[in-house]
Amino acid sequence: MKARDILPLALLLGALALTPLFASNLLLNFLVSALIIALGAQGWNLLGGYGGQLSFGHAALFGTGAYATAILQTTFGVNAWVGFACGIALAALTGWMIGFLSFRARLRGSYFALVTLAFAEVLRILANAAGFTGGAAGLLIKLEPSFANFQFASRAGMLWVVLACILGVSLLTLWIDRGRFGAQLVAVRENEDAARALGVDVLATKLRAIALSGAITGAAGGLYAQNFLYLDANIAYGTWISVEVLIAAIVGGLGTVLGPVVGALALHGVGEVTKGLLGWMTGVDLMLFGVILIAAVAFVPAGLVGALRRLRMRRATP
Amino acid sequence: MYSLAIIAEAVVNGLMTGAAYALVALGLTLVYGVLHIVNFAHGALLTCAMFAVLGMEQLLGIGPYAAILPLALLFYGLGYGLQRFVIGPSSHGEDRNTLLVTLGLSIILENALLAAFRSDTRSLGGEMGFDVVELGPMLLSRPRLVGCAVALLVAALLWLLLARTDTGRAIRAVAKERFGAQLSGIDPRHIFAVTFGIGCACLAVAACLLLPTFYVNPRVGNAFVLVAFTIVVLGGMGSVTGALLGGLIVGVVESLGGLLLGESLGQLGIFLIFILVLLFRPTGLFGARA
Amino acid sequence: MILLSVEGLSKRFGGLLAVDKASMAVPEGSITGLIGPNGAGKTTLFALASGFLEPSAGRVLFAGEDVTAEPPHRRARRGIARTFQIVQPFQGLTVHENIAVGAYLRHAGRQAALDAARAVAEEVGLAPLLETPAAALTVAGRKRLELARALATAPRLLLLDEVLAGLNPSEVRDILPVLRAIRARGVTILMIEHVMQAVMNLCDHVHVLAQGRMIAEGPPRAVCNDAAVIEAYLGHGAAARMRAEGGAHA
């Protein structure tokens, strides 16, 4: 890896890590929620951006990570960190199973988007009806701040944990981006038949991508559970999570390491500002997200990071 | 155990709901068949149409059945404009982008309605919804019966339009061979927009038929989108008769599922059908094998 | 040794028998041609040999082993590489990245794969265009890219589906020595080709497919004078007419 690749990552995450020195709790709360989405979007990006498989149902993975983390603690008394790790593993498994079913059936494009959406909805309805998820009333994790419980008295603790996850995933993404698996994944996105002819096992490549994607987005779900200490089916498996990670990745830049992080921060920032200005209009921030999605697809297909890169290149070669 | 009469009533009720579903699905399948995209904004547009029906009644005093024609025309225009000036240009001709743009549209519409009407649930009110017809041992809702008849009529008209008119031929030509059609002087952008307009007009009619027995809130469309997708997939993407039969099947399954398993699990049945069909029979029950 | 052999291979699409009990053998180290009129089933035969289609009947043997049930990526690993008649570049990637996807089959590391890709690019004359986006290549460039990617998988057998189609005569002339050099370093080539000048020039042995059946085989010159072949291309009775005309001119 070259310094040029690491530098923006180090600068951005370093600056974010220093925010607790001066920022208010309000700002830190904002950052934590935005960065949890950023992590989820990084997971989405691995499958959607690098692999070209647009999922409209990443809530299935986010929710599984969140519920597993929470239920293992509340019902089975498992340590929170262990629960978190199990949540990640279960989300990866969920991703793999959804992938196994749909990729084996050769679902692509709209069909894949639809079937992932349906999987997420099935899980949402089940979680809403089942007893062990707390049903419609939801699930509370007991407030007991300590490092061992994965709960922090100060906002900075959670921020640093989330940032550490993002750092880890960014390095993983960078490594993938530079290696054989990444090249094969992109080849599958660009042209499945050509990839197959060059010896790429298309199904295995997609399955690996969706399992990794599930692990990462599941981690975001687990962090969500630990941060808010409350879950219900409409939050964890809600359509909104699926849509938000997708928009963040697209706005930030598909198939880039930092795109999802930049996208999630920008999106959440814009959302907070509009809510502040036009808070009396319910849903105005979400309406704006829709506009941003269309505008990004229409005018900035490479996303914010892609546009910045192009700008820099244009300046470098006058 | 349930008596035969109750089950029969559930089946007939399901068929009637299914007819309205079929109408929603017809619009979707038509757009898919021609543009080869799944219109994710379909549900939100249906919600818009349902609010429009409500508005006609409450502001202008025009009842849902009288509103069918004006609203169909209005939504045809709306759909035409959306495709021609928003979805088409911003997708750069890539299916993937179209999918994302329609998703964006659905988010905008749904939240605009939420901002305007809050999340309260409304309905037309009045006695209309409780009007029943006695048929042997069964009590059938009159507005649903009317809805069923009109839905079948619209499906027949749509079929005629596609089979017999020049516009219909142009639509079928573009669906089959985009570039060939272009070479013979058809403007695909116009035909895409016309198709999208017809799809939206179907929604307006469906909204008029649904409202007497259904409630409205800004998210009600979501309930219908996946149902409509299920129908479209079940019937074979792009097939008109498939959408009709698929609609009826899903209506019955939902009605029986609701009776035997309770409301929320009845909905689960639809999703499961949807997933199973996509995984094992993606060309639909009646479609040819790919 | 026979590197690739297909035995009694048939492929049915609905009511159409695209390939009908075709058999052929490709000796190791040869350049073998597969010719035939349009719609004869040549590309289908390639798809069967490379695993993109499953045969309705018959077997495919590679280096003596039955590979009929193997998917394409496994056959690529064994050393069968194919190009597509309609070129399929990875549009969003550069030439270098395109070729590297092929090279990754044999090299796990990034640097090794990129080096191997560069070497292949030099071999086929794409070296100056390494950083060009694949989408920006000319037709001739794309054909070379198709060839380079397949070559980067370090194949034992190269299946070339009309790599010369769409090229002008000077571009064809440029690429012939490239193909000869590839064979010279031990890669066996089976090529579908319509450019007869190239077939005559390159191939040791030619098989002729018409309406899904093998109708002739032999050295290129002999095959071109075969009555059945002439009729397959030019229609029933053409051979007799040509002989008559040839006789009149003589």
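We call the chains A, B and C, going by the order they appear; numbering starts again at 1 in every chain.
The criterion applied here is as follows: contacts are C-beta pairs under 8 Å (C-beta built on N, C-alpha and C of every residue); 3 or more make two chains touch, one makes a residue touch a chain.
Note that this is a predicted model, so its numbers are computed, not measured.
Novice: Which chain has its Cα centroid closest to the overall Cα centroid?
Specialist: So the chain nearest the centre of the shown protein is A.
Novice: Please identify the chain with the largest separation between its CA centroid and the CA centroid of chain C.
Specialist: Relative to chain C, the chain with the farthest C-alpha centre is B.
Novice: Most contacts: which chain pair?
Specialist: Highest contact count belongs to chains A-B.
Novice: Any idea how many Å lie between the Cα centroids of chain A and chain C?
Specialist: 44
Novice: Averaged over CA atoms, how far is the centre of chain B from the centre of chain C? Could you give it in whole Å?
Specialist: 49
Novice: Taking the mean of the CA coordinates per chain, how far is chain A from chain B in Å?
Specialist: 32
Novice: Do you know which chain B residues sit against two or more other chains?
Specialist: Counting only residues that touch two or more other chains, chain B contributes none.
Novice: Counting only residues that touch at least 2 other chains, which ones in chain A make the list?
Specialist: Not one residue of chain A touches more than one other chain, so the list is empty.
Novice: Which of the residues in chain A come into contact with chain C in the complex?
Specialist: Of all residues in chain A, those touching chain C are 178-180, 183-184, 186-187, 189-191, 193-202.
Novice: List the residues on chain A that touch chain B in their complex, please.
Specialist: Residues 52, 54, 56, 101-102, 105-107, 109-111, 113-115, 117-119, 121-122, 125-126, 128-129, 239, 243, 246, 250, 281-284, 286-287, 289-294, 297-298, 301.
Novice: In their shared complex, at which residues does chain C touch chain A?
Specialist: The touching residues are 50, 52, 71-73, 76-77, 81-84, 88-93, 97, 100-102, 104-105, 107-110, 113, 149-150, 152-153.
Novice: Using the touch definition up top, name the residues of chain B that touch chain A in the complex.
Specialist: 32, 37-38, 40, 86, 89-92, 95-97, 99-101, 103-108, 110-112, 114-115, 118-119, 218, 222, 226, 229, 233, 264-265, 267-268, 271-272, 274-275, 278-280, 282
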